[in-house]
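Below: the structure, in structure tokens.
Labels for the chains are A, B, C and D, by order of writing; each one numbers its residues from 1.
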Amino acid sequence: MLIHEQSRPGRRATAQAPLETADHGDLPQALRRKQRAALPEVSELQAVRHYTRLSQQNFSIDTHFYPLGSCTMKYNPRACNSLASLPGFLARHPAAPESHSQGIMACLHELQDMLKSVTGMHAVSLAPAAGAQGELAGVMMIRAYHDARGDHERREMLVPDAAHGTNPASAIMAGFKVREVPTGSNGDVDIAALRDAVGPQTAGIMLTNPSTVGVFDRSIQAIAKSVHEAGGLLYYDGANLNAILGKVRPGDMGFDVIHMNLHKTFSTPHGGGGPGAGPVGVSKRLEPYLPIPLVTQGDDERYHWLDEDDRPESIGRMTAFGGNMGILLRAYIYARMLGAEGMRRVSEFATLNANYLQARLRDAGFQLAYPERRASHEFIITLKKEAKAFDVNTMDFAKRLLDYGYHAPTTYFPLLVPECLLIEPTETEPKEALDGFVESMNKIRAEAENDPETVKQAPHSLPLRRLDDVRAARQLDVAWKPAEGTA
Amino acid sequence: MLIHEQSRPGRRATAQAPLETADHGDLPQALRRKQRAALPEVSELQAVRHYTRLSQQNFSIDTHFYPLGSCTMKYNPRACNSLASLPGFLARHPAAPESHSQGIMACLHELQDMLKSVTGMHAVSLAPAAGAQGELAGVMMIRAYHDARGDHERREMLVPDAAHGTNPASAIMAGFKVREVPTGSNGDVDIAALRDAVGPQTAGIMLTNPSTVGVFDRSIQAIAKSVHEAGGLLYYDGANLNAILGKVRPGDMGFDVIHMNLHKTFSTPHGGGGPGAGPVGVSKRLEPYLPIPLVTQGDDERYHWLDEDDRPESIGRMTAFGGNMGILLRAYIYARMLGAEGMRRVSEFATLNANYLQARLRDAGFQLAYPERRASHEFIITLKKEAKAFDVNTMDFAKRLLDYGYHAPTTYFPLLVPECLLIEPTETEPKEALDGFVESMNKIRAEAENDPETVKQAPHSLPLRRLDDVRAARQLDVAWKPAEGTA
Amino acid sequence: MPFIPHTDEDITGMLDVIGVDSIDALFDEIPKELRAKELAGVPSGLSEMEVTQLLQARARIDGEPTCFIGAGAYDHHIPAAVWQITTRGEFYSAYTPYQAEASQGTLQVLYEFQSMMTALTGLDVSNASLYDGASALAEAVLMAVRANRKVKTTRVLMPRSVHPFYRRTVRSIVQHQGIDLVEVDFDTETGQTTLAHCETAGDEPFAALVVPQPNVFGVLEDVNALTDWAQSRDALVIGVVNPVALALLSPPGDWGQNGADIACGEGQPLGMPLASGGPYLGFLCCQQAFIRQLPGRIAGKTEDVDGKVGYTLTLQAREQHIRRSKATSNICTNQGLLVTAATVHMAILGAEGLERVAAACLANTDRLAQQLCEVPGVEPIFEAPAFHERALRLPAPTEDVLAALAEQDILGGFDLGREYPELGCALLVCATERRTDAEIAAYREALASTLAIAEAA
Amino acid sequence: MPFIPHTDEDITGMLDVIGVDSIDALFDEIPKELRAKELAGVPSGLSEMEVTQLLQARARIDGEPTCFIGAGAYDHHIPAAVWQITTRGEFYSAYTPYQAEASQGTLQVLYEFQSMMTALTGLDVSNASLYDGASALAEAVLMAVRANRKVKTTRVLMPRSVHPFYRRTVRSIVQHQGIDLVEVDFDTETGQTTLAHCETAGDEPFAALVVPQPNVFGVLEDVNALTDWAQSRDALVIGVVNPVALALLSPPGDWGQNGADIACGEGQPLGMPLASGGPYLGFLCCQQAFIRQLPGRIAGKTEDVDGKVGYTLTLQAREQHIRRSKATSNICTNQGLLVTAATVHMAILGAEGLERVAAACLANTDRLAQQLCEVPGVEPIFEAPAFHERALRLPAPTEDVLAALAEQDILGGFDLGREYPELGCALLVCATERRTDAEIAAYREALASTLAIAEAA
């Protein structure tokens, strides 16, 4: 039941608003609202009960193993939440003067430094509000760089076919044309095709390494050389940074720009789909273009903002107030708890868990997409065989996993592998969770063989059975409306 | 699965302890622990996941209508929790000097004053840690009073047969003998029997009014007169204070002592069975005996503690540090949000809800225990008729209610009404919750008639079906133990 | 090992199954010369206790100043229940609801949020949020250019009375889409964007007019006239609105004859702490006709195979993960956690509660402006009716005055003069419902003494 | 109406069903003359915002002093997860698990808590908590007198080295049960309760000996000798223990030849904030033989009709709601919410984590005592090994020194001299794992200058 359906006209059991309505008689009639908005009218208890019960209908890291490939669903330390919520941090206005901002600016400055160190980049801006905005900032800086050199013909951005959809979409937002580069059968970029693709029109290439097919591209140095020699720049999509944290640095691989998804690698809350934070790091030649604001430390040891005036070549401001500070704080706290040694452990154990799970599934007879490769922090299995044999597809497997108490891995991505599951266990899951997942996959395959309808009609144990996506799109209903004449 | 069963030797994924073990080599060997305690060894994620999922197996006010008679399960405002958890309050050591305690002492002093006002008593102590401890303190003060007067023969405490079990148990703890007084068929105390019972041996009487049978004892003035004339004192069990808050005051009814259950009337968290807080209020003649500490305000407007030295006749200290301050703060915050007008509304709407629910159930054909009486904030129905006709008892009804998403009312209490449900909806529930409850009761009765096994085997929709209490008591297992030779 | 559960036995057993000797061997496909040596800029790990002590100290040193700054972020009371519910693990640690059956909590919250935003804005549909108000305006501009079928142009009229940070953000984001942002000036007497100012943009067609309500000065624009004027010229109207103000003000759907086409804004006043500027949430609503041009996630109602009502992400064909380079936007995430907070916030306050908050802000800011203008040399800059901000002219440089006030732990407002030099020493002040009479009086006193000293100097 | 959901329509409809005209009519059985007029001492209601401002101000005025007081309540680090989980509505707003099937969350937590407490104390069984450590000791005394079948006496030996607040609480609670509490002195050189002191209680039998470990001075008692001595005289042994100390110290179940019979103590160090003294939790454990004399709630394992494992309250026949005047105690509630916190706390820290905390407290207090004793005139009072408290002798009145330190926002310790005049100017200090080297150094410096001034005066 919707909260709106629990509403009764005139109900208001709240202590949360001022006890009386102040006079606002001076507001011109023509600009006033004629009728109250049809917001729900419920008591505080009703609201608390409704949303508490709703929350229980979610799978989440705090309740379930959630091996959603490419999303790095690892434990979000509770300390990050409580410390970022200290009253002093919550109450600070974004336009507060530097005199009243030294505490948070110290955190931000140290975070910039840590991110520089761990990515091997020259400078970092924390401004982008999410990964996709970080991507946009990144490709905009590439464009700004070429434009500043008068190199206006470089309008083509190379993107591997396995890339996240945000990559081409961001490139388009920055005014580039997108050219796809194929992935070889071994999972690495097809280097020959790449060499054919580069040229004077090449602005750069957007890469994830390890890639979205779950392997580390061994020819990264050759790729970098090829693109750089053609005059292009290398963009690093930080989606998979968790796989190499502290082990390999994008800057050392030759990348010129990187964005990071703090809600992945730095374990800030996923929150049902956000907020994210997408800091960008750059090599020295791109530093002037970083989005503002930035934090710098003066000779007096005090922190200062750098804004439009200080950075006239900046690509500018990505949000009104310069970024998702509360998320940056959480990432900072997490990074401080990890330390250098902890960061390295992240990638080591994420990789151990992925390779173990890959080996167990392979041994159980599931087909790996890249059987001869090491898994990075994630890997792909393809259910092509099962789909053919039992007429049960990947989505059916995914839905049936829910019945067994596991969130499904990412399905049907990357697009180039048919009937695929992209599986990322992350470093915070114990071995028992991985073993339980394998056991469930085995059971589901047995069911697919012996009782396919059970799998095809899954889930069975959740509050709802399988939902009709087609109906949702055809009979669009995206907002509750009051019955005619009531609101 | 127990958290212990998820433990693996050597697992420790925590940032919560010091990163190294400090030297403690000076501890004498003979006094040292030989083997580590068999506490679970799990990661932070495992602990968070385990207890988050466990929590979801509870009914609670935040998730369900919970009409548990005599327990006043009303909404616990979330502001009380967050404000009582402000760092300044949480960090204060109980032995901190008054110079660093004025903030909380101001709250406690005002709470004492508000409780005095709302109960009509002369003085209040916040010291008792729970209702039962408040009862003990109350009867101990009665004893101290008689003893101070040299009236050592008054060793008998009158207790109605409908009283909470804590009443006779507390009286025994204070060294009294207990004499039961019967309840008349109209729900009021049998006044003739009371008159027979009082005498020079009478220390006092422990009463709840409205009583546990859900009615206001109309002869309270006669009772008070009778007991007082016999030289006894009147003790008010505050369990049902919610029913009369701001409408009638125990002090005005003639009571000499009262305890209050703040987790009932003042909506502090029930917490799965505690903590409570059980302040006591007294008439002037009992003031010297109040448990310490108390808060007083000096001429300098500053607050001071009164302890053993200031109150030499006090019955003493009930806990090491003088009470459940965090709970008292929550009650204070709630009381300030209610204000005088809000307190009166509490009893008005608690009574409205109870009488409405009583009328609806009566109209639906359920038998009221006291059909001619107004309900207070609670009332009793007896399922004697249904039990006989369908061989389905009150506990079966209670368990089946769980399937319908309602916590069961109190069953089989008070003891004097057979097959009874004591139903207390509280003022914070909307009419729809009450209507839904009636509908479910009707359905269950129909099931009892047509399909009694469904009711007798309920619940069906919860994670577990009906639990075997007898087995729990016969094959006692009250703690997990490591397998031999492992811990 | 903080956050990592592996025992030595686990590690050995797992390596055995994989068939390697060490964890390091799992990185053997990475060229040796690329392997990182050490992370010089990253200190050693701290325990939770140590990091707690550090952060408590950091949070403390910035003091607890009294805030009279608004300018796009507002210090409202947030009911305690809002974040206690929002930070429940099941909301906090869930991801995008790709598996609808396992995410009904989040999905229903999104649907309810969309419903509430359409109720507040008076428009038909809402998305499930964007990053913030400024980036939402950028998306609204792009959307309007795509959606306007009547005129094919990339010109968009952007009044200067729109918050300068918003205008800059829009410029950053749309700069490579060939959008021509045409600035429209405001009347320096009233602070309003008049039709006359709009007309100066010339006769060429334009795709959309942006209409802020209230505008950055707190001043109320004549939204009805602006809407009708723009629509009469075949342009779309994009309202930029404050959701709390909408409890009192005419919603974009009611503007002019036909209502605005698109509305966007900053959701922060709906239950988000100031938190130095984020995370907040941008909202974006529109008329039904434009739904397929709406960027961002959208939750829709549907049924399961038994006909039970449920919710799912819908119209995903617009999005980047399906449509890639042809998507309506590159945006991937929404601000799910903030949407949850906003939804609980609105449910608890209801329309009447929001109205009371809005009225209290209005009254407090009126009182603040009145009292500050009693200080010699301080005067209101604009005449037109306003919501909960006021632009004041000072007799001394704003920057100096603000610095002097800050030393007394008063954040006196937003320095308007930096952005609008033509206004001289201009200060934008705001007093939400949280500001008490005593705080307002203290501000007045501090301002008076500060200016007296300035004059004496 | 805060917290009350009734609309006017609801009220009218409900009164109709009841058949009365007004809510007031529902109180018609109450004699008119008893009806309350007004609540003079209760001010008008405040909004949540107003009460927030009030409480924030109240919480602020008491400052943020550095705490070196222990004396029964300890300033430990509490993992952030502990209270975020504990305050989840399903734990926070549930009641006593009377309906076991609808309360498995709470019941399993109680069972796990009991399991953890038996592991820490080395005893067979634990109840599900009592109010606090002091009242738990009172219940332990009553229980021991009931449970001792070998000697029928109500004499209980109570060392003066037991916390004075505990001894007073015991006296308050048991005073009318005819219990004879016999005080036993301590050795003023070592701070220990020796057998010789015990012997002074005379040859008459006694039901139990109370053994604190560590005792109120932080000093470690020779628990093995005391246990064997008491049991050789047919008395039971009641250990009063600190649960964090038990991570390093021999558990009561291991004391002497046969182990203590009963152990109790204060659970506050297991995840409860100082919070001015409560709510905390008392724990009470015992050997299997005494389980039926154990007061308070107990959760037990059982099965449902399908054989699935579940938990339920058990042995309720001991309790007041069944047994009424013959119950083992009048206690009704336990401290469920605090049990939840303690259980999560122990699960997160584990035995090794607790051990590290204990060792850090020990080391910090050692360092603190050492540094303070470098101040002229300050010296340790006792020689025996100690846990995380130290008794120091000062060259000036403790009360004055503490007041002077408090002015510098240092809470210097607990004034022992008030309770033990024979110790002179005595101060009990404690430094938990949270106290930093800098804080300890600052204390030393403040103490030195305070004493220098005192001497000069």
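One rule holds in what follows: a contact is a pair of C-beta atoms (placed from the backbone, for glycine too) under 8 Å apart; a residue touches a chain by one contact, two chains touch by 3 or more.
Everything numeric here is computed off the predicted structure, so don't read it as measured data.
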Inset, instruction - Tell me which of B-C and B-D has more C-beta pairs in contact. - result: B-D
Legend entry - Repeat of the A-D interface, chosen from A-C, B-D or B-C (over half of contact pairs identical by residue number): B-C
Inset, instruction - Determine the centre-to-centre distance between subunit A and subunit B, using the mean Cα coordinates as centres, and give it in whole Å. - result: 47
Inset, instruction - For subunit B and subunit C, let me know how many angstrom lie between their CA-based centres, rounded off. - result: 46
Legend entry - Cα-centroid distance, subunit A relative to subunit C, in whole angstrom: 20
Legend entry - Touching two or more other chains - residue numbers and ranges from subunit B: 8, 11-18, 42-46, 48, 52, 56, 61-64, 75, 77-79, 81, 83, 87, 337, 428-430
Inset, instruction - Pull out every residue in subunit C that's touching 2 or more other chains. - result: 1-6, 10, 45-49, 51-52, 56, 60, 64, 77, 79-81, 84, 87-90, 433
Inset, instruction - Using the touch definition up top, name the residues of subunit A that touch subunit D in the complex. - result: 8-19, 42-46, 48, 52, 77-79, 81-83, 87
Inset, instruction - Using the touch definition up top, name the residues of subunit B that touch subunit A in the complex. - result: 6, 8, 11, 13, 15, 43-46, 48-49, 52-53, 56, 61-64, 75, 77-79, 87, 337, 428-430, 432
Inset, instruction - Note which residues of subunit D are touching subunit A in the complex, please. - result: 1-10, 45-49, 51, 56, 79-81, 84, 89-90
Legend entry - subunit D partner contacts - residues on subunit C that touch it in the complex: 47-49, 52-53, 60, 64, 77, 79-80, 84, 87-88, 433-434, 436
